[in-house]
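Take a look at the structures listed below.
Common to both upcoming complexes is subunit A, partnered first by subunit B, then by subunit C.
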Partner chain A sequence: MSTVLRDQAPEADTPEYVLEARDVSKHFTVRGPLGGTTVVRAVEDATVRLRPGQILALVGESGSGKTTLARMLARFHEPTRGEIVLRGERVSGNRRAQRAYHSEVQLIFQDPFGSLNPLHRVRYNLDRALCLHQPHLTAKGRETRIAELLERVSLTPAADYTTKFPHELSGGQRQRVVIARALAVEPKVLLGDEPISMLDVSIRLEMLNLLKGLRTEDGLALLYITHDIASARYLCDEIAVMYAGQMVESGPKEDVIASPQHPYTKLLIESSPDPERGVGDRDKLFAGADELGEPPSLIDPPTGCRFHPRCPFAMPECAVEAPPRTELGGGHWAKCWLHAKGRAGELAGTTHAAATVARREKLQGAS
Partner chain B sequence: MTVQAEQYRPAKAPAGQAVLEVRGLSVEYATGGVPVRACTDISFTLRRGEILGVAGESGSGKSTLITALTRLQRPPAVTTAGEILFHGRDGSAPVDLVTLDGRRMRRYRWTALSIVLQSAMDALNPVMRIGAQFADVLRARDRSLSKRDAWARAAELLALVGISADRVRDHPHQLSGGMRQRAAIALALACGPELVVMDEPTTAVDVVMQRQILAQVLRLRSELGFAVVFVTHDLSLLLELADRIAIMYAGRIVEVGEAAALYSAPKHPYTQGLRDSFPPLHAPLRTLHGIPGTPPDLRRPPPGCPFHPRCAQRMTGCEERLPALLPVGPKAGHEAACLLNDTDTDTDAKTDTDSGETKGGIL
Partner chain C sequence: MSTAFLTSWKVRVGLGILAFFCLLAVFGPWLVDSLLGLDPRENDTAVIAQPPGADHLLGTNQFGQDVLAQVVAGARGSMYVGLLGAVVGTAMAILIGVPAGYYGGKVDAGLNFLTNLFLVLPVLPLILIVAGYLEGTGITTIALIIGFFGWSGGARTLRAQALSIANRDFVRAMRMLGERGRRLVFAEVLPHLTGLIASMFLHAMIGAVMAEAGLAFLGISDSSAISWGTMIQSAQQQSAVLRGLWWWFVPPGLCIALIGTACALVNFGVDEIANPKLRVARPVSARRAKRLARTGGGA
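Showing the complex of A and B:
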């Protein structure tokens, strides 16, 4: 599988991509209670590429490795294998390089309550980033820049907010300050790790619109990590789907959502609430949905395709060998044996729940 | 013609018997100087076997409401007004849960009403095996039950929610988050309650697990016939799950109605805004704006309609008059508290008469 990916790598050397993770893996060694160690394979051979002005959504269940991948891209974790490439150059590990890296790539956390220093006012929180990353600015210059930044994230008038403590702000305002702080270093890439999931529903859209504006007006590249496919569709250009530490499908958002080409993507989309698919017909809507399975342990992941124990389309080869990557045109690809075996048409005709029921009946009939 | 038909249907169908009637419930937090009113004048009726969804943002009073319903509130929260009438299945006279003393209230817990909390990890005892926790509950209600039978029953209950019987000897940390939540649901159903209150039971789990849990709740509801009060901030989820939905804002119910009616024809601007805060999964995309502003500070609620500072359809009078929850639209049981629906401009509507009208109108 990794050879298939590596064949693709040379063309990516053109500085078309601002940030790339090439075939990165991250294994965590966990010490057990009896002194033994186990290895958690959090991410395996994942490749992510971000173009300037592009928003890529990374979706998947919790434990699928999305956050670990983002943290590798933010250089909080060193990849076990593979490399992080910024503008075509491999990133090295020394401190000076780290500082330079962080002036280009910034991470926004899920929890705006935990990511601002509660003992200091908004001004100080923003000033720190400016002092570290824009040392040429004078105190006065920093003050103007802080006002500009707060206006950029629609916290106006800025003077009202600079003297506030984080606890005096609402959740949405706090997340805006976090974004302003990330923008203070004038990054080229923002990594958003579920940046809206802790905010109230009515203010989430404002935040998505703000992130969208940063892309169109400032040309930032954004990696948007989420489990909410509807918000991913609203914000992003492309979607990449992760399952159990591996990328299983990626492509332009409408292609992926309208016709998912991996059974897991299909399950994820069918599980997302969508009031438009018919309020009222509940029994049909939830038929067969009470046994959809759970993601596997990453200590001892399933052989072959990691989704095969839950997959209603699984074939004998799925349990043996990892599926190859199939290019489906227009940048849409999926890793599933159905494509290699010419059975991909089966995906469109059914739902995950219906296919699971049909498979169970078939197995019972056979035995 | 169709309107007539729709109006006729609820009357013709055997009206579901009420299991819970809440009348003018108000809850205050008596902190320091000014008490904070987290729930104000809440009235609704829950029918047997019905799923009532309660949606609202943080601070809208939805959690306060369910701790009041289940009498799990702690000081400084105090129920200052109203009654919660519980109709038992034996057909005896309804009891007011607000006035029951602790000992009598215990008789209703688990067997009449139970609760599923948001975080199952916190709801389950981390140092007890799952089976032992079930046995505890079962044997407290039925002293004649042997330990062995109680454990066997625990395994049956876990099987109801799709957890294999051998997990009954596990501790909570050995189960996945989704399994723990399902175990908590099975535990809530252990003594056959008539009403299960669920406080954001799927917020901490993934979409796939969320779907499984909702499907199981629906299946168990049709098998066992309990009624559900399902509290969440995710309206899109409720539209698929609930029979009726109540929208809360600043401690009040601002709109209540059937899920389909609420989605297709919301009558309160806040409900509209909330509905349009969820980007569509398949429909054509357009730029959405959510609801500008933030929810009000309940220590200093705005005068008049609490939503008026954020409302795009605000008109004169909104900042002075508190709109009553009145019937709207063609569907029976659809009510909204907004002056926009006020056709006969009943200007002498005061809070007292409002609540009277609400009481009459909700049935």
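Showing the complex of A and C:
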């Protein structure tokens, strides 16, 4: 990994990163009923960099370590290895540093029903945030600021919402309150841990537009975690794809979505529904869909490339050694043996499902 | 929440009885003194062991003391012990159970050890020994002892609840906001436990009233103080049961039972709030549903 960093060094200096996770790993030790311990490698050697005014989408299926990575960035978990860097300074673990850190980085939870205390009114939540982070404000100043914040997240008229309890609000309104509470801190970075996945489809777009507005108007850096590649495409500037705790591909959104350079990214993109896709293609497209396999165990991950048991393009070396990182230009990179072996062209020519079917037939023919 | 709580008849009756006894405890002795001119301690040798009558509404005891005046004075003593014991017990349960559940780790290990220790202590014999050791003490000491030895079960329950709430997202969110530990415990976690605490408090109150009566009955109490327990104890000593002086021991016993019933009734109401499955349909809604079903069936 260190070589990779060195490769990147000249490039990394030019843009101003506000928050970085450098090669962070998180291992959880799980104690079994008989006293034995197993280690869950939730995240391994992941690197995330956030620039002001930029949205990075972190995409991956459930259990790929997205949330763990977000929680490390929110300092809920201390990384097992690697470091979190805020404005070029490594953050330390003590409590005062943590409070200072949280005045710059705020996390928006996935579940707006769980992240507001049902016993506190909207006003209380915002008021506490202001009391803690804007101590110079008077009670009156806080009151006006609360109204501003609620207007910022389009909860208008603000006076109607300040005295409401969470159960009197809809899911979308609650998530807006959660965002307003995070904004009260005046952070530089927002981490959204699947902020729209618990919301009705009808209000997701408003939410995405709100996040987009925060990026363009307030210059916030945003980490947008999702498993929904369509919303990532709508919202973000860059995409990073995670699989089984590791980053497998990253780059500008159009490059990644238009020409995925890792079989897993391809699988993800093809499995998201696309209304423009013809009905006729469907059977062909999903012919192999039921044998796409499942994410591997993080306790005992596959050797070599973690995707190789599911990969239709797998080669012998995939099972042995982890693939190197290949730079594809324009900040786009992927970790796949196909690039090292000069077979990258195969990716563009087929779909994941078709490749799976072809591989099965080939294997059957061989046996 | 508060209005929903009051619609249950159980809660209303229970609160009514409790309010009655509280008022009795506060104003009763003064009323008895000024209106009836009775002193619970006064020995009137002219009327010994009289059954209830016009002069003495609840009769007199072996010592010529008025039973009504004693019951009213006893209400003050017993309610005082009940409330103080419950306050001390519940406060200790909160102060030990909630931080144990919230902070976890070493704090939890220490506090939980303490709780377990008190949980397995044989409380009643211990109270007997301590109360015997602190001889000649007033009713306040008895209340404090009862509270001090009666918090462990509640602390255990609160710890379990706090443990689950401390890991919810809203507590995490407020911690991330920079909220400090003590405020997180008392403003975020504790309000979720109010139902549980209210029910624990009522339970502790019955327990303390009963424990005081039990201790007094066993002779461990301030003999000069008047409580329902001391009344029953002196009735027992003078073989009131054998001699058929029922008006001497029935009123205080009935009062204890009434307080217990009242607390239990309020507790049912609290339970219904905490667990909506226990809720029964209110008569109004039940009638409306029936009417709708009838008209719906006819149409």
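What we mean here is this: the second predicted complex is superposed on the first by the 350 of 367 C-alpha atoms of A that agree within 3 Å, B and C clash if a C-alpha of one lies under 4 Å from a C-alpha of the other, contacts with A are read in each partner's own complex, and residues count from 1 in each chain.
What we mean here is this: a contact is a pair of C-beta atoms (placed from the backbone, for glycine too) under 8 Å apart; a residue touches a chain by one contact, two chains touch by 3 or more.
As the structure is a computational prediction, the values presented were derived from the model and not from experiment.
Upon superposition of the two complexes on subunit A, no clash is found between subunit B and subunit C, which fit side by side.
After overlaying the two complexes on the shared chain, residue contacts for A:R204 are found with subunit B alone; subunit C is out of touch. Within the superposed three-chain model, A:I257 lies in touch with subunit B and out of touch with subunit C [touch as defined at top].
When both complexes are overlaid on chain A, the residue A:F76 reaches subunit C alone and has no touch with subunit B. When the two structures are aligned on the shared chain, A:S115 is found in touch with subunit C, with no touch to subunit B. Of the two partner chains placed by the overlay, only subunit C lies in contact with A:S103; subunit B stays clear of it.
When the two structures are aligned on the shared chain, A:I269 is found in touch with subunit B, with no touch to subunit C. By the touch criterion defined above, A:T144 reaches neither subunit B nor subunit C.
Subunit A has more of its residues touched by B than by the other of subunit B and subunit C. In the superposition on chain A, A:L132 contacts subunit C only, with no contact to subunit B. Remark: least CA distance from subunit B to subunit C after fitting both complexes onto chain A is 5 Å.
Shared contact residues of subunit A with subunit B and subunit C: none. Subunit A contributes residues 61-62, 170-173, 200-206, 208-209, 227-231, 233-234, 257-258, 267-277, 279-280, 282-283, 285-286, 288-292, 294 to its touches with subunit B in the complex.
On the subunit A side of its complex with subunit C, the touching residues are 74-76, 99, 102-103, 106-107, 109, 111, 114-120, 128-129, 132-133, 178, 181, 185.
Residue ranges of subunit B in contact with subunit A, taken from their complex: 57-58, 162, 176-179, 206-212, 214-216, 218-219, 233-237, 239-241, 259-260, 263-264, 273-275, 277-283, 285, 287-292, 294-295.
Looking at the complex, you find that subunit C touches subunit A at residues 168-174, 176-179, 187-188, 191-192.
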